[in-house]
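Chain naming follows the written order as A, B, C, D, E and F, and within any one chain the residues start at number 1.
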Amino acid sequence: MTMLHTVNKSPLDRNNLDSCMSMAKKGSKILLIEDAVIGAMDNTAVAEKIKGAMNDFSFYVLGPDLQARGLDEGKVIGGINVVGYDGYVDLVTETDNVQSWV
Amino acid sequence: MKFGLLVTTGPYQHQASDTALQYCRAALEKGHEIMRVFFYNDGVNNGTRYTTPPQDDRNIVNAWSELAKEHNIDLVICVAAAQRRGIVDEGEAQRNGKDGDNIAEGFRISGLGQLVEAGIECDRVLTFGG
Amino acid sequence: MAEPWEEDEGPVKKFMFVNRKAPYGTIYALESLEVVLISAAFDQDVSLVFTDDGVLQLKKGQTTDGIGMKNFSPTYRALEGYDIEKLYVDKESLDARGLTEDDLLVDVQVMGKAELADLMDEQDVVMSF
Amino acid sequence: MKFGLLVTTGPYQHQASDTALQYCRAALEKGHEIMRVFFYNDGVNNGTRYTTPPQDDRNIVNAWSELAKEHNIDLVICVAAAQRRGIVDEGEAQRNGKDGDNIAEGFRISGLGQLVEAGIECDRVLTFGG
Amino acid sequence: MAEPWEEDEGPVKKFMFVNRKAPYGTIYALESLEVVLISAAFDQDVSLVFTDDGVLQLKKGQTTDGIGMKNFSPTYRALEGYDIEKLYVDKESLDARGLTEDDLLVDVQVMGKAELADLMDEQDVVMSF
Amino acid sequence: MTMLHTVNKSPLDRNNLDSCMSMAKKGSKILLIEDAVIGAMDNTAVAEKIKGAMNDFSFYVLGPDLQARGLDEGKVIGGINVVGYDGYVDLVTETDNVQSWV
C-alpha cells in the first residue's frame, strides 16, 4: 500500500511534519498545504532535513497556498512537485489511504 | 470515487474549511462523488446562517449550502459538538428549550454514527482541521 | 467473539484514530473518544494510536477539580467493555515526556514508530484528532 | 488593580476561556477589578445562548454571564469578528437581515475600540487564546 | 507631528502587537491588523513585531485568487497613512525562512532578538496574535 | 521592568516556549499553563534546556493544570514554583507587564 500524508502546519513552528515523517512508511507521499507550504521552500532552516527525507518520501506542495503567501515556485526545493487542488484530488485517488497530520 | 470529508475547525479562524471547499470543487470537477461532509469539533460552526462576512470576503457558510444543493452533498453537523457550541435546528431548539435556531440551509444535525458510516461507505475519508 | 448473526452485518473496515494532543488543553482528546465509542457500536475493527502529547491522555491520576472540567480519563478504562482493545502507544513519545507504561491507566501495547507505521499502513480509514 | 482580558478562542475547543474564567474568579477574590473581557477571533463564540453542554460538564457561557452580573464586568463581543462567525444581537439581526439573534445574557456587541480602550484604562491586559 | 489640540487627548500608552502566525492559514494576521488600525485611531504609540511565521505576513507578491480568500497584504502598506511606522521584524525568523528584507512589501526595521526583547520590555500593553 | 510571560502550548510539540525564551529579557518570569505544563516536568526531552534557562528566568507552573493531566508535583524540575490561580494573579500584579505566547 501507498499512503498519502497531508500536513497543514508550519514545520518551522510545529512538529506535525516531523511526526508525519517519523510514522510514514518509505515510499509514502507527503503533501504540504496551508501553513505547511513554507516547508517546501529551499534555504529555510528545515530545507536540509526535507531534502534528506526525499530519499524515503515523495513530496508535493499545494501551489495555490504557495502563491497566497507570495512564495516563489522557482525557489521550491528541487524534486518537490507543485500541484493544484486537482492534483491534490489525484494524489488521494492514486494512493490507498490518506492521513491528515492536523 | 466516493469521498467523505471530516471538517474539525470553524470557518474564518482556520483555512481548513476553505481547503475542504476547494477540495470538494476539484473532486466534483473530476467526476468524483462527495457523499457527505461531517462537521465535528469547532467545525460545527460552519453551519450557522447568522454569519455576515464582510462584502469583499468569501461567504463560507453560503458556499457550503450552494455546493450541497448543486451536487446533492449531505452536510451533517454532529449533534453533541453542536450542543456544546450553540448550533441549533428546530428540533434541537425544542428539545433544549432554545427560543430560536441558527442552522444554515442544506445542513442537518445528526449523530456521530454518520461519520463512521461515511468511513464504511466511502472510498476515502479526508480530515480538514486546525 | 462475534455472534453468528453479527457476521452478516455489512463490511468491517479497519479504523485507526490517531491521538496527538494533550487532554484538557483542547477538546480533541474528549471528542475523539466519543467517535471511538460510536465506531464500536458499528462493529468495526478499531485501533487507537497515542503519539506526541496524545500519550498524556492515558496518564494515571488525572484530577480536574482545579480546572473545573470533567475528568474523562475513566472512559479509556471502559473501552474494553466495548471490545476496543487495540491501544497502541508510541514509545518515543512516552520517553520524551519522561513517562513509562506504568504511568498509564490502561493496558496498552507500547511500540516503536516503525511498527506504528506498519499498522497505519494496513488501515482503511485513519482519522486524526 | 484593574484588569482587561482578551479571549481569542471559542469555548470547549480550547482551554483558554476556562483559564480566563478561573483567572477572573481568582482576581476578584483578591479584590481586583475586571473592567472588561473582550472576545475576539473565535472568542466571540463564548457569547451565544444557544449552547447546551452535557449536564455533567461545565456551562462556560452561563459562567461568563453569571460572573459578569455578579461583579459588573463588561463582556464585549467584537462586532466584526461576530459577523464573520454568526454571533448576533437584536440590532445586528436587524442590520444584517437575520431572522433571530443568539447573544447570551450579559454580553454586548461593540467595536474593537473597546479593546484599545481597555488597554488604555486598565493596569494590565491579559490574552487568553489558542 | 501632533496637532496642538491632540496633545490634551488623554494618556498615550505604548502598545505592541506581536504577530507570530502566517497569513491565510489562520485569521490571526488579518484580525490583528484590524486591531492595529483601530489603535491608530486612538492616537496610541503603536509598535508591530513580526516573528516566527509572522514574518510571512509581510512577504511580497501574495496572490490569493487560487485559495479564494482576500489578499489583505496591501493594508500593511497603508499603515504609514495611519502614522503606524514602527514595524520590527525578527532577523532570525527571516533567516530561518530563507527571506531577506528585500522580500518584504513595506519598510521595516530588521533586528535581533535582544533588541526586540528591549522593545517589548518598554511596552505598556502587549497583545499577541 | 520585569515582565511575566505566559506560555500555554506544549514545548514538546510547538515552538512557543522557545520563542518566549528567545525574546524574554533576563530576569523575566515565565509561567507555564494549560498544555505547556508538561514543560515543567523533569526527565522530559526539554527538561535540560529549561534547567539551563533557569539561570536567566524564574519559572512557574500552574498546579491545577498539572493535576488535571495527572502530572506529579513531586517530579517538577527543582526550582520551578507551582502556583494556583491566585498565584497567577499575584505574578501578574507583581510584574510590570505580561505577554501571552499563545
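By definition in this document, a contact is a pair of C-beta atoms (placed from the backbone, for glycine too) under 8 Å apart; a residue touches a chain by one contact, two chains touch by 3 or more.
Here the structure is a predicted model, which is why all the values come from computation and not from measurement.
The minimal number of chain-to-chain contact steps leading from chain B to chain C is 1.
The set of chains in contact with chain A as well as chain C comprises B, F.
When every chain is reduced to the mean of its CA atoms, the largest separation from chain D belongs to A. Homomeric contact chain B/chain D is classed as same-residue, with over half of its interface positions used by both copies. Centroid distances built from C-alpha atoms place E farthest away from chain C. One inter-chain figure worth recording: chain D and chain E are separated by 25 Å, centre to centre, where each centre is the mean of the chain's CA atoms. Taking each chain's centre as the mean of its C-alpha atoms, chain A lies 33 Å from chain F.
Once the centre of each chain is set as its mean CA position, chain B and chain F turn out to be 38 Å apart.
Under the contact definition stated at the top, the residues of chain C that touch 2 or more other chains are 20, 24-27, 52, 67, 69, 124-125, 128.
For chain A, residues touching at least two other chains, in rising order: 8, 12-13, 15, 34-35, 64, 84, 97-98, 100, 102. Of all residues in chain B, those touching 2 or more other chains are 8, 12-13, 15, 19, 22, 41, 57, 80, 84, 127, 129-130, listed in ascending order. An unclassified topology is adopted by the chain contact network, corresponding to no line, ring, star or complete arrangement.
By the document's touch criterion, interfaces exist between A-B, A-C, A-E, A-F, B-C, B-D, B-E, C-D, C-F, D-E, D-F, E-F. Within the complex formed with chain E, the chain A residues making contact are 8-10, 12-13, 34-35, 38, 41-45, 47, 63-65, 67-72, 75, 84. In the complex of the two chains, the chain E residues touching chain D come out as 10-11, 13, 15, 27-28, 31, 34-35, 38-39, 41-42, 44, 124-125, 127-129.
For chain C in complex with chain A, the residues that touch the partner chain are 18, 20, 51-52, 92, 113, 116-118, 120-126, 128. The part of chain A that touches chain F in the complex is made up of residues 12-15. Taken in their complex, chain C has these residues touching chain D: 24-27, 67-70.
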